């Protein structure tokens, strides 16, 4: 028992028990103090183990942060607008960030996006028309209430901003076509070609569209053919387009008749639910 | 006779708010149906964790924030972009046709997220689909409803898919992986049992509209990450046995009055929580006394799922019950309940009853062999 | 695919229709295999012999694969009796000594290698023995009791034949392994599965026939066994009410419980002899002695069985009676208990576990219920096949000995079975089957 | 029954009880201990591992952000290097010639519990199909490490092997506690019974063992409380530092994470070595050496396969592979159980109490009995009758071996007769008597001699299956259906780690 290691291990156990007692008694201050002691004791144990033991590996250098690129100074809503314009469909913040990172320089975080969305309605209502465009939510086809998960652009038509049962798929396919076109353009241009992020984004779309992947798929994005993706997406789009268009058109007609201008942008209040009941 | 039972159950719970049933607690009914204590605590909607803690046995069940975050992130990813990933796997497994993509979000109804509104809206759209007048294929977070032992239970599957042939499928999205076509059976089991509650609730909903049970498949679709990737894959789980097992347990719940009738008058598990400092005012000893009035059936695997397990284990230890050692030992000592009895018979200190004579002979023989051996190798331990 | 139309009203006619369809498929060279599912006592052996004879007549030299030496001996005995003109070979391991019934048969040769049996037109052996044969291939194999043959065993013998007739009872016990591993679950070629399922999994389109008539089970038993263990396929009893009957030689006196139970069984074909409720080890003396005493009492009083084979009645002997148990130690104890009954013939009563009683037939079977006296039911004890074997061995009556409390045990049974992906649940479910049996037995209950 | 009684005794006395005389598992002189930790909710995401061949020689590897694919493989490579260095040290000394030569020693990896094996299995599966070139390339050692891990995990499924073992299994094989098998899987609880810390009663030690503040879980899962209270914030700080790119902050965050994880894993590390020294104090069973020889052979043959650049193990067994493995596993289990009963009087007694073996005193012996064999030879077949108190449930015809007789002794039960409270068993001695017509002295039990018999697991022919490229029609899909299981999955490279969102 004369081994200092044993003695230290004992005091470590004692410390742990004391921590348990302190936490059980709700004494967090004492517990964290004891924790610090425990940590010191554990370090001492390490030191005792072997004087020659190599020091803990030096932390691996972190990959260098991407240098701030041009365009980074644009306000966030400009980034969002640009990404949405590329997609041409209502989109969730995550996809907007994805499109942004794939095709545009600068920082855009999802958290920034959500605070942005809260501001839009307030800013519109305080002075409608003060801005060239707003970023309102999409509208549900039945209740015409806001679909808060999806962001649109106020300059789009109501049809574009309404979400019917088929719209998520239609918008996904449309988005796939637009992204493929953008990748294609980048590949044709004189620059560096599409970014890895862009190829990755396209790949994520393509794997979920029948026949959009090359036949002998080795499974990674570099093998993708944007034109094939476009063709495949169009083929499936043809299946859904009519049904989707009909619902969106009907709903927008209804919206134009029953909703005020600002409601046409930011959606009917949820009292609309009673209307639904009556209809059902 | 219904009212008195409900009153007795309410009295058992006391001043605390009733804990409503959910898919998880319904699934837990299958774990240890023999346990009276658990049945009463569940039926009365008592807070088992709080009771166990006040009795001196805080339950160690907690969910890691990582698991929670991962579960949510995976489900969101699967449903991103118009359920793109989900559609791909459902087209593979359920053979959904190309036009079957219509998506209805039932997480709220025009911003109204109350259970009742969502339940009504869910009923409306699912019945439309079943009757061929709706065009939904994917129903995101519908709100189902089931009456359990006279209490309401709101149940929220991850997704219900409706196939063109007129069948609903419960789709469970889980973040544990399917590696080379296999997943952890315990996790599959718990996901399946929860899905069974949805199957039963959905069937109940359709039944009111005169639609038979075959409209809801008892094959559940499990969507989970494939291998070590983040991409989903889907697998079928044949839940027929679990559906009938859970149906049985729900039926047993209706018979809770048999158990309630056996309880002493005035028994309650009320903690008498102080309105201000949220601490129980009831003396812990008093609670312990109340708990002891009710028989519990402890099994070691209760430690994996029941909040009361540590309490019950302590009780079983105090009673020297062989339950502590688990079914393997119990099985060998059939008919003997306690350590005291087993060793008393083995050492010949207790006289066996006629019932026990076989076991006593076997125990004495085993004890003799052990004595010979430990004599040879120098005593036990 | 299921092919047979079994709506024929007359059992014999229905069975003929099925047999004709099976033989037609055998003659049809498009099929690599033909499967025949046979409920208990549906004339499986008759079919095997008929098929062997037909194949031989068509110029084939078929082999027959059975699972145990007893099964091989029985098959050979039947074959030579029905077709004394066909030379039959018995492929055996060293150390095998044929039972008396086979010793004097002129057209049977026992050999250790195929060379010893060159002149035989049909060669019969156990799967284990066939697994040692190399480099010979036959046109046809008839695989008897093939639902009890594990997939890995089939793999060892499959190269010995081009095409196979798989015959067996899907309701009986599945093969098992002592090795606990989940690594093969969900694979179509899981080696712990039975050979028939694995073969069908890889060969869609194989014709699957079903024999529609149980010639063994009396009309009192066929519907219950059908409902409990074969819920998705129907079969009927081959005999009418009244064709089979049991009667006592002597009037009962003295031991009333036993007599009451025997009377119930004789009158209705079923009896549940229920002992008082207790949790007991599986070796519980009282249960075991009661099972033995029932047999002893039956022998003591003497019984006459009437049936289609013996319309004028035939006295039952100890060899007509079996006692079925779950565990081997129970069987050992029952054998000892039989000697204690004092009846000189009692030791001749067959006593065995469900596994070993598979494929056998008796007039009266006494069963120690797998769940009797248990505190909880394990998957092993709930396994449908086990109860199915025990409840379907009899031609006249089945007596179940159990402690009270099985209903409660089932009622509070937790469903803890692991659930696996993409694996169809095994049906019928053990719990449901037990419920059906218990519901039936409760109508024939005698409290002891 | 005996082991059940041992647990009951332990429960009453609150002390562990021996249930074997020996340790039936080989314990290497230089085992490699690995304690793997994984991140909750993630598919086989390693969080950390502590690894080393001595208590004082330990390495802690931590993945600061387990969701990051590159960091995971950096971790796999680092752990892989340590493990491969250890394995390679056993690929040096080879004995024997030609085909039959094999390495004289084999590695032994010890993990705390079965979960640890599962974690290594997942890691092996994750690594073995990876490629060191092309897209998503990983360091060279990763696939090699993955294949070796898979090999070791596969062997651990086979009874009696010792190359990868959970320490809890080794401990609970020897010591019976007064708790359930479920609780026995918790290393701290098990150690609380076997060797409670100085000054603590078993009861107190047990309470401590289930308290994550005192005994953090032995993994692979960490305690949810630790995750939420300490680990999640620390990972967040690391991520933040990583994003901001300040090297000083990053180093601090990383050091903090290391300290946190070290605090969680070190109590288990120390306990592992205490457990190992406890196990060392239990004498090794005689037949362990023979089984270890088989380990060496299988280690050698896999090593040669790797040297020849063999493919990684398949995702799932083929029909023939599965059948072969099943036969191997069944055989090994039957042999191991017989070996244990043969070596160990405690195990034998357990089987005696169940009637599966018996011991007694010879009452009568007919050493001169002869029979004529099928080959017409006269051979000695003595009859020996024993009287036993054991509840014998073996039937006539059962083949027997005996640990009390010289090697090679074989017998078969001729008859079993109950006689009052005892049983008379007559056996025919069939082997181990030498080649002459009279049995060698000492090979036939004599009256008054005490001896034990147990069933002979016997010799079984190794089953012969079709060649692996000739799966027969019963076990393979038809020609028009594709074989879905090629040796290397086509999507190996595509098995990417997904979007980290």
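In order of appearance the chains are A, B, C and D, and numbering begins at 1 in each one.
What we mean here is this: contacts are C-beta pairs under 8 Å (C-beta built on N, C-alpha and C of every residue); 3 or more make two chains touch, one makes a residue touch a chain.
Since the model is a prediction, treat every value here as computed from it, not as a measurement.
Which chain pair shows the largest tally of C-beta contacts?
B-D
Please indicate which chain is farthest from subunit A, where distance is taken between mean Cα coordinates of the chains.
Relative to subunit A, the chain with the farthest C-alpha centre is C.
Centroid of subunit A to centroid of subunit C, CA atoms only: how many Å?
The answer is 63 Å.
If you average the CA atoms of subunit C and of subunit D, how many Å lie between those two points?
Once rounded, the distance between the two centres reads 38 Å.
Where the centres are mean C-alpha positions, what is the separation of subunit A from subunit D, in Å?
46
State, to the nearest whole Å, the distance from the C-alpha centre of subunit A to the C-alpha centre of subunit B.
34
Any chance you could list the residues of subunit A touching two or more other chains?
Residues 94 of subunit A touch two or more partner chains.
Quick check: what residues of subunit C touch more than one other chain, meaning two or more?
Residues: none.
Quick one: which residues in subunit B touch 2 or more of the other chains?
Residue numbers touching two or more other chains: 181, 231, 301, 332-333, 362.
So how do the chains connect up here, line, ring, star, complete, or something else (other)?
The chain contacts form none of line, ring, star or complete graph.
Just spell out which pairs of chains touch, all of them.
Per the contact definition above, the touching pairs are A-B, A-D, B-C, B-D, C-D.
Would you pull the subunit D residues touching subunit C in the complex into a rising list?
For this pair, the touching residues of subunit D are 157, 316-320, 322-323, 325-327, 329-330, 333-334, 354-355, 374, 393, 395, 418, 461, 463-466, 472-478.
Taking the touch rule as given, give the residues of subunit B at its contact with subunit A in the complex, in rising order.
Contact set of subunit B toward subunit A: 76, 80-85, 87-88, 91, 98-99, 101-105, 109-112, 117, 120-121, 124, 135-137, 231.
Enumerate the contact residues on subunit C facing subunit B in the complex.
Going by the criterion above, the answer is residues 182, 185-186, 278-285, 373-376, 411-425, 427, 429, 431-432.
Note which residues of subunit A are touching subunit B in the complex, please.
Within the complex, subunit A touches subunit B at residues 92, 94-95, 140, 143, 145-148, 165-172, 175, 205, 207-208, 210, 236, 239-240, 243, 268-270, 272-273, 276-277, 280.
Mind listing the subunit D positions that touch subunit A in their complex?
Within the complex, subunit D touches subunit A at residues 55-58, 60, 74, 135-136, 197-198, 208, 211, 213-215, 241-245, 247, 250-251, 254-255, 258-259, 262-263, 266-267, 270, 490-491, 493-494, 496, 499, 501.
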